[in-house]
Amino acid sequence: MNLPFDPLLVSIVAPLLAAGMLSLGLPAKLGKAVAAIGFLLPALLALHCWFYFPTDLGADYTYLTGYDTGLSYFGINLMLGLNGISMPLFLMAGIVGLASGLYAIQSKAERLPLYLGLLLVMQAGLMGVFASVDVFFFYFFHELALIPTFIMVGIWGGRDRGYAAMKMTIYLTIGAMLSLLGLIALYFKSGADNFTIIELHRVIAENGLRESIQSNIFALLLFGFGILVSLWPFHTWAPLGYSEAPSSAAMLHSGVLKKFGLYGLIQIALPLLPEGFSNWVCLFAGLAVFGNLIVIGLVTIAQSDLKKMVAYSSVMHMGYAFLGLACYSAVGIGGVIMMMVAHGLSVALLFLLSTSIHHRTKTFEMSDMGGLVKYTPVLAAFFVIATFASIGLPGLANFWGELAIFVAAWDFSPTLTVVSVSGVVISAIYGLRAAAKVFFGPESEAFAKVVAENKPADLCICEKIPALILIIALFAIGLWPKTISGPVTNAAEVLYATAPSAAVDTAQLSR
Amino acid sequence: MSVQFIALLTLLTPLASATLIALFLRKQGTLASLVSTLAAAVVAAGALTLAFGGGRFGEQLGAPVDMEWMRLGDFTISLGFLYNDLAALMLSIVGVVGLCVHIFSLGYMHDDSAKARYFGGLSIFMFSMIGIVLADNLFMIFIFWELVGFSSWLLINHYCLKQSAADASKKAFIVNRVGDFGFLLGIILCYYTFDTVNLVEIAHASGAGGVVAVAIPLLLFCGAVGKSAQLPLQVWLPDAMEGPTPVSALIHAATMVAAGIFMLCRIEPLFAHAPAIALNVVMWIGTGTALYAALCAITQSDIKKVLAYSTLSQLGYMVAAFGLGSIEHLDAESHTLIIISAGVGAAMFHLTTHAFFKALMFLGSGSVIHGCHHEQDIFKMGGLSKKMPLTFITFTIGVLAIIGMPGLAGFFSKDAILYLAMENNTPVFIILSITAVLTAFYMVRMWKLVFLGGTRSEDADHAHEGGASMTLPLLVLGVLSLIGGYEAIYGGHFNGVFDQVAHPHGSAHTTILITSLAVMLTGALGALFFYKSGPADSLQQRVPGAFGLLNGLKSTPDAVYGYYVAKIQQRFALVLNFLDQILIGGVIVRGVSGVVGLFGLAARALHTGNIHVYVYWFLAGAVILWALAAGTL
Amino acid sequence: MSAILFNIFAIFTVACALGVVFNRNAVASSLCLLLSLVGVAGIFVLLDAFLLAVLMVLVYAGAVVALFLFIVMLLDVQGGNRKSFNKASIISGVLTAGLLVVGLVSFTTRGAQVTAELPASSVASGSVLKAYGEQLFTTYLLPVQIVGFLLLIAMLGVIVLSKKFEGLEDVK
Amino acid sequence: MNSELLKAAAADNPWMAIAPEMALACLALILLVAEIFLPKSKHSLVPAISVAGQLGILCGLLINWKSIGVGQPIFNGMLMAGPHTQFLRTFFVASSLLVSLLGIVALAKQKMPKVEFFVIVLVVSAAMMLLSQANHFVLLFVALETVTVGFYILVSYVRTNPLTLEAGLKYLITGALSSGILLFGIVLLYGVAGNPTLEGSSATSMNFDSLYGFLQANPDNFLASLGIVFVLSGVAFKIGAVPFQIWIPDVYQGAPTPVTAFLAVSSKAAGFAILLILVGVFAPYAGLVATVISLMAVATIIFGNLAALTQHNVKRLIGLSGVSHAGYLLLGVLAAMTVPVAASAIYFYLFAYLLASFAVFGVMTHVAGVDDADQELDHYAGLAKSNPFLGGVLAIGLGSLAGIPPLAGFMGKLLVFMTVFAAATAPISPLTSGCYYGLLGVAVVGVVISIYYYFGWIKAAYFDTWRAPLLEGETDPTPARTPVAPWMRLTLGLLALGSILLGLYQGPVATWLRLR
Amino acid sequence: MTVGLNEYLYLSAVLFAIGFFGVLLRKSTLIIYMCLELMLVASTVALVAFSRFNGTMDGNVFVFFILTVAAAEVAVGLAIIVALFRRRQTIQVEELNALKN
């Protein structure tokens, strides 16, 4: 079905417009309505793009349109489009954005219009990240989404918000700058006429790049993106930032924005720099498995703060993603995309529910909770679903990605696979422990006091709707994974048709 | 209706029921229970129709009825059914026992406030379990494997406000995950070795050589170790008794824990192609579990714990039976010696009978507990034979069946195992025989303490029989426990399994018969005379040393796990957390920012406010530039 | 002849310049500056830049230095100059002087090896007054205009910085 | 009189070519005249006339944004318009207009004569416009001195404040010193380039074209090298490059806020305009120039950012951050030696810098009290809550300065960095490509550090920070904030909006700067 | 001995260095300012010498401008110094460091 307008552009512009209207100071009700439209429209358009997504696309782009913003001299044009890899993420961005937006609308945040406005800007950036074919705008939109995060952490964050916001900002700026340098270097070294991924692919396929150049650029991209994705040991911003961030910002950032780095690696760095990849793969796979999965996995177990635990778990899960990247195969990459989508949904849900829990228990300290299920069975059920999703229970979205990554990883390195599969146990430990501590067992003394003051009520409808959106998406993908895996595998099979020669060697070495 | 369709219907009905309950019937407990029971009835009907209707499918190589579920690159996860006699038998057991448990639950859980959740959970469990049974490939098995784990978690956690229930459910899931760790690796290795995970194709695949050939079946066996609670992952099952008793009957006695054995039987070709070491490992783990659990059972005072350890022990029997492997067998018709997978036959046979009598006993204990107002301590019961006659009779049938009273179900299956052990491995035979003695001993002990003598508590005084919904299943299962050992009642529909059961002939037959009778009588009579119907454990009073030893045997693994979790894992995690916060977050990150800040302070301090200093800057600049111009720099 | 004159003027100029730097008395310093400028004017004469020499004496020595002297007197700052050289400043001064000497040596040995013949006629280089007029009103017309505005804003600046305004009272 | 000569001179002095500059100067004279003839009560009209006049000139420039004769020396080789001259004129007029607006707000708090301020701003701006087209050392020197002398006065304008005067004195001495060094460099260049014994010498050796010819013929002359580095150091003082940046914090702090803005934007832009011209002239000595500039850039970026890191006085902070901006721009100049389009990138950067800086200075003017030098970060506490408009403008301005997308400052940085990349990959460039990458690395480190203090400022304005409660008898040290007049609201709003729009859509500016 | 261009340049350089030295050494801003003027004058010496030896008068005209500019600069500078003295009662460098750090 053809829309009379460019759905991608509209999905970016609509939230921005809504944000602009909010900044004019609309009356509260109208403002909320405008914000809701601003969140809803991208989600609907994303659903539309997903529904009518061609099945025979390969790695090509659809909905391709270009706009000149005045930097064509530098090869920069706003070019939008979706391929099999970006579409699922675009869809996920729309859904998570809608959920976090609705959750924010019902929240009782101080200076709500500003909060919603920043969130809308973030949403626009997120849609833009995955809709951009132009590498520069891909980066640009990421930053567009990133900045509101900092401000939101700073204004509406928890106790330690000042430090958290600052740390997050500086960390992520380092990552962003490194990756920007890498992208610019890629552009200049390839000799491409413009900055689009398509052109870069074409030119590099024709001319190729020297191995040393590939290696250097890949290092820039790897560490730049790695910081953004919280690759161990560059992760310390994430737990702090997320645990301090207001829920909607944490949802959008950890759920969607964080995937930017992985997406960049998948769409740009790996296919274009295969030899650079094979020089670095052992390092980052090792860091991911031992650092993210094992060390951070265990650190997650040690957390007693619910939100911190969710934050750490999100860092841990990135280890799977990097492991999947290391495989350099359609299976591994497809698995990573599946995992990114699923993790985006589930971690957003967890953050949302954590905040809802906090509203009822007045604390994030898990030892001060217990027995909440008695008062809030629906919240408990949702939390259990979210927990099991993130543990990787079949039937929920996360399972597919993790499984595919494990399967693919065996081809890369059986040893690392064995180590990484143990992450399955680790995540079960902290996930179930959290669920048990928060909801089950007898009430703790501290919680009994809170209950005595204010009896917790179950989720209200405004909290349920955003949560349900995410849960439905989790189930939908869990039960019908083909809807995502189909386009993904079409694209990944083209992009990752040939493994880099050196990568094969390293894989054999590590066997 | 094609058989595939019936199978699909059987699989999906409980899912539909669960979905219905979760979405719409959360607050209508009674309605939910009816929906769920109806679904169970459909399952039972479907299972029996399929089993006795004769249709079998999915066994031919190259014609899998598969649906592609997900594909990434060349990695596909597909859904398909392999419905052979093995699956048919298992499915029938699941259907029948499931239905019994559902009906029993109607009465047992009548007053529960979270009935909808309970019955929803049962439905999910049925769905998942049937999935395991029907699955034609390992990934599908793994998927449903995880789902039964989840439903087990959900149902153990039913009384979720109790700390012990919350802990037990968590423990069950996590321990199972440890087993799944190996299971998943085994599947992946299998996928890479044979390029397929389809059970039929694996069976026909040319075996892999060397380490891989051993590694695949043993890694897959890890899954069974977890699910069937074999050593060393047995710790979760006794704790799982925190769940409602019908759940224990269905999941933790009859079906789910047996899924491990079922899965082993499904992948038997892998073991057959592997070097003997693989089977030996399985055999010894099973044997060890059987003996260990039997020893543990002796000192238990909780009626459900006794049954739980007994379940463990019997599961050990089955695993050991599987591990004993194949045997040469004289075919009755052709009068030639053929090799049969006697391990599979014996294990499955015992699985079947065990499902009946153990479910019976669990439901019986449920009836007792229900009657005694949720009193579970056997020393506070006694004399229930008069208060609850029906329960007493059916329970007695169960006890007799498990201890191997000739003519009852357990007798035949246990004999099959003992015979196999005698033929293949004498030490195992001896240990299993000892286990049989112990089984008779602790079972009769419990039976006597519960039903004979006088009542020892108020609750027991007021014990009463439950309603029809609770007694009917007892009757059905009681009948099945009586006749389940006669292969004739299966009408030859499961010959694919029962043909593999090795039957002793001639002198062997006599030996086995004598042995089993001897061990049964020794154990049963010993217990009958040893234990006094009183409020204290006779063993504890008379031989406190032995009692303490046995108790220690039981509690040591728990203590070890407890120690590991609290002292090693948690501390290690805390240390890592500390390092993460202090070393990376503190020293490195804050350190770097601190150093930069110091440089910043230094740079700031250069602005002294004195014009002369500023002029020196200019001088320095001029000098440096001069040097650059002169080429000396 | 010119060499002798050059040496005399040069030494005189340099000596007076040193006097500016090393005289503790501000009045003496300004007088030294005046004398040094006169020496420079002499050098200008040697170079046939008569107009500039005159301007040097009239504008610089006559007006600028007079202004300096006037301010020195006005502010009466001699008193503060007594302790003007302490140890640190002497050390740094010596170091600086050393640096400057090294620079000068490098300048003389490496750099200033320009071997230009002295043109016989100095007309081209502007010994004739009329040429200045022509240049200023043709080639340099625009800079002259700019300088006009420069003087304008300098005047305004001095007014702003010095004039007494209503409602604005300075200390003392 | 030789009338022929005058006629020829008249033919060579196309005054219409510098009509905008003349208009500014005339406006300055009109203001003076108005002051004399207007009654005292109407003196407040003078700033309005100034603003209106500048708006008119700005409109004129915008209407004629394309009409410019490029590449023809005029005024006997004194001036030569470059491709960006019209843009720069607009830039300087816009800047002086904004300075005048800020001046109206800031001077209202002071009991100082007002008219002179506007006059001097106009004259200085006109001089800068000429400076950016200089093609001759005499004009360069004279225009530069006009700017410098104007700034001496402006910096010490509020003479009631001893800090302002101290700043003026410091600027006076360092400025005069740098003028001296610059002059010495000019003299050396003039001398060697005019030396008849050397190849390629010319009689008009102060003219840049002649000088370029000479330098090309003598690519290894010591005196010429010395002259070049001295001239560069004189320009380095203007743009605030290490080690000639040391005056900046003190002078920025002491100067009245509008003047600080003027120094930060116009003076710096003029410095870069002339630097770009000179770099072209000195192209035969590219090795030396590139070394000097790259070393300066590295030191400037690092020093500026480090020194700003722990700064609490916002005026010093913005001064030091301006130093680091000069460092990034020096990278662009370095790239411009190889890639001509880098000049466009620099001007884009400067334009973004103008929008952002004036937004920030506008806010500062309103937050500051009577004592202009006393502007601490603490004074911004709760600004976003009590005055969301100023808070928003401040955040956008600072964000743009920090180079955060989607604001204009980011695009500026991006373009500059990209041109450096282009220079690194160009076949012929004065430095090895590794050097360029190293410089970019330093720049990235600098950007990251800069985030800290820019963000710290935003933090002060937005995030509630703990403040010590006032003791009894203690007065709140935070000065009272000036209410924002509607026209100022419009101005600041436009600046903020410009920063955003220019970040999102660069079309018109890019066209103007010949980026497409 | 013939006096060549070099000698004039040396003289100019020496004067320049002395001026610079004075700026560094003296504490009184007035004297510092005098030394700055001395530096300007030093440049004019070289300029006039170059002009003479090169046979062009650009240098001499430039000196004309320099003198004018210097006069204006001195006027403004002295006004600043006087105003500062009125406020602070001192023009000693080491006492004028209220703006720092």
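Note that the chains take the letters A, B, C, D and E in the order they are written out, and that residue 1 is the start of every chain.
We take it that a contact is a pair of C-beta atoms (placed from the backbone, for glycine too) under 8 Å apart; a residue touches a chain by one contact, two chains touch by 3 or more.
Here the structure is a predicted model, which means the values were calculated and not measured.
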{"item": "Required steps from subunit A to subunit E (each step between touching chains, minimum)", "value": "2"}
{"item": "Any chain that touches subunit E and subunit B", "value": "C, D"}
{"item": "Identity of the chain that, by mean CA position, is farthest from subunit D", "value": "B"}
{"item": "Farthest chain relative to subunit E (centres taken as mean CA coordinates)", "value": "B"}
{"item": "By number of C-beta contact pairs, the top two chains", "value": "C-E"}
{"item": "Chain nearest the global centroid, as defined over all protein CA atoms shown", "value": "A"}
{"item": "Geometric centre distance via CA averages, subunit E-subunit C, whole Å", "value": "5"}
{"item": "Mean-CA-position distance for subunit C and subunit B (Å)", "value": "102"}
{"item": "Averaged-CA centre spacing for the pair subunit E and subunit D, given as whole angstrom", "value": "26"}
{"item": "Centre-of-Cα separation between subunit D and subunit B, whole angstrom", "value": "77"}
{"item": "Sites on subunit D at which at least two other chains make contact", "value": "138, 142, 145, 149, 152-153, 156, 159-160, 169-170, 173, 177, 191, 195-196, 222, 226, 249-250"}
{"item": "Contacts with 2+ other chains: residues of subunit A", "value": "170"}
{"item": "Overlap residues in subunit E, where contacts from two or more other chains coincide", "value": "5, 9, 19-20, 23-24, 27, 29, 32-33, 49, 53-56, 59, 61, 65, 69, 72-73, 76, 80-81, 83, 87, 96, 98-100"}
{"item": "All chain pairs that touch each other", "value": "A-B, A-D, B-C, B-D, B-E, C-D, C-E, D-E"}
{"item": "Subunit A to subunit B touching residues, read off their complex", "value": "167, 170, 233, 235-236, 240, 295-296, 298-299, 301-303, 329-331, 334-335, 338, 371, 373-374, 377, 388, 393-395, 399-400, 403-404, 406-408, 410-411, 417-418, 421-422, 424-425, 428-429, 432-433, 436, 439-442, 481-482, 485-486, 488-489, 492-493, 496"}
{"item": "Complex contact set, residues of subunit B against subunit E", "value": "604-605, 607-612, 615-616, 619"}
{"item": "Subunit C contact footprint on subunit B (complex, rising order)", "value": "612, 616, 619, 623, 626, 630"}
{"item": "Residues of subunit D that touch subunit C when the two form their complex", "value": "2, 5-6, 8-9, 12-13, 18, 25, 28, 75-76, 78-79, 111-113, 116-117, 119-120, 123-124, 126-127, 130, 138-139, 142-143, 145-146, 149-150, 152-153, 156-157, 159-160, 191-192, 195-198, 222-223, 226"}
{"item": "Residue ranges of subunit D in contact with subunit B within the complex", "value": "169-170, 173-174, 177-178, 181, 222, 225-226, 228-230, 232-233, 236, 242-244, 246-247, 249-250, 288, 291-292, 295, 303, 306-311, 316, 449"}
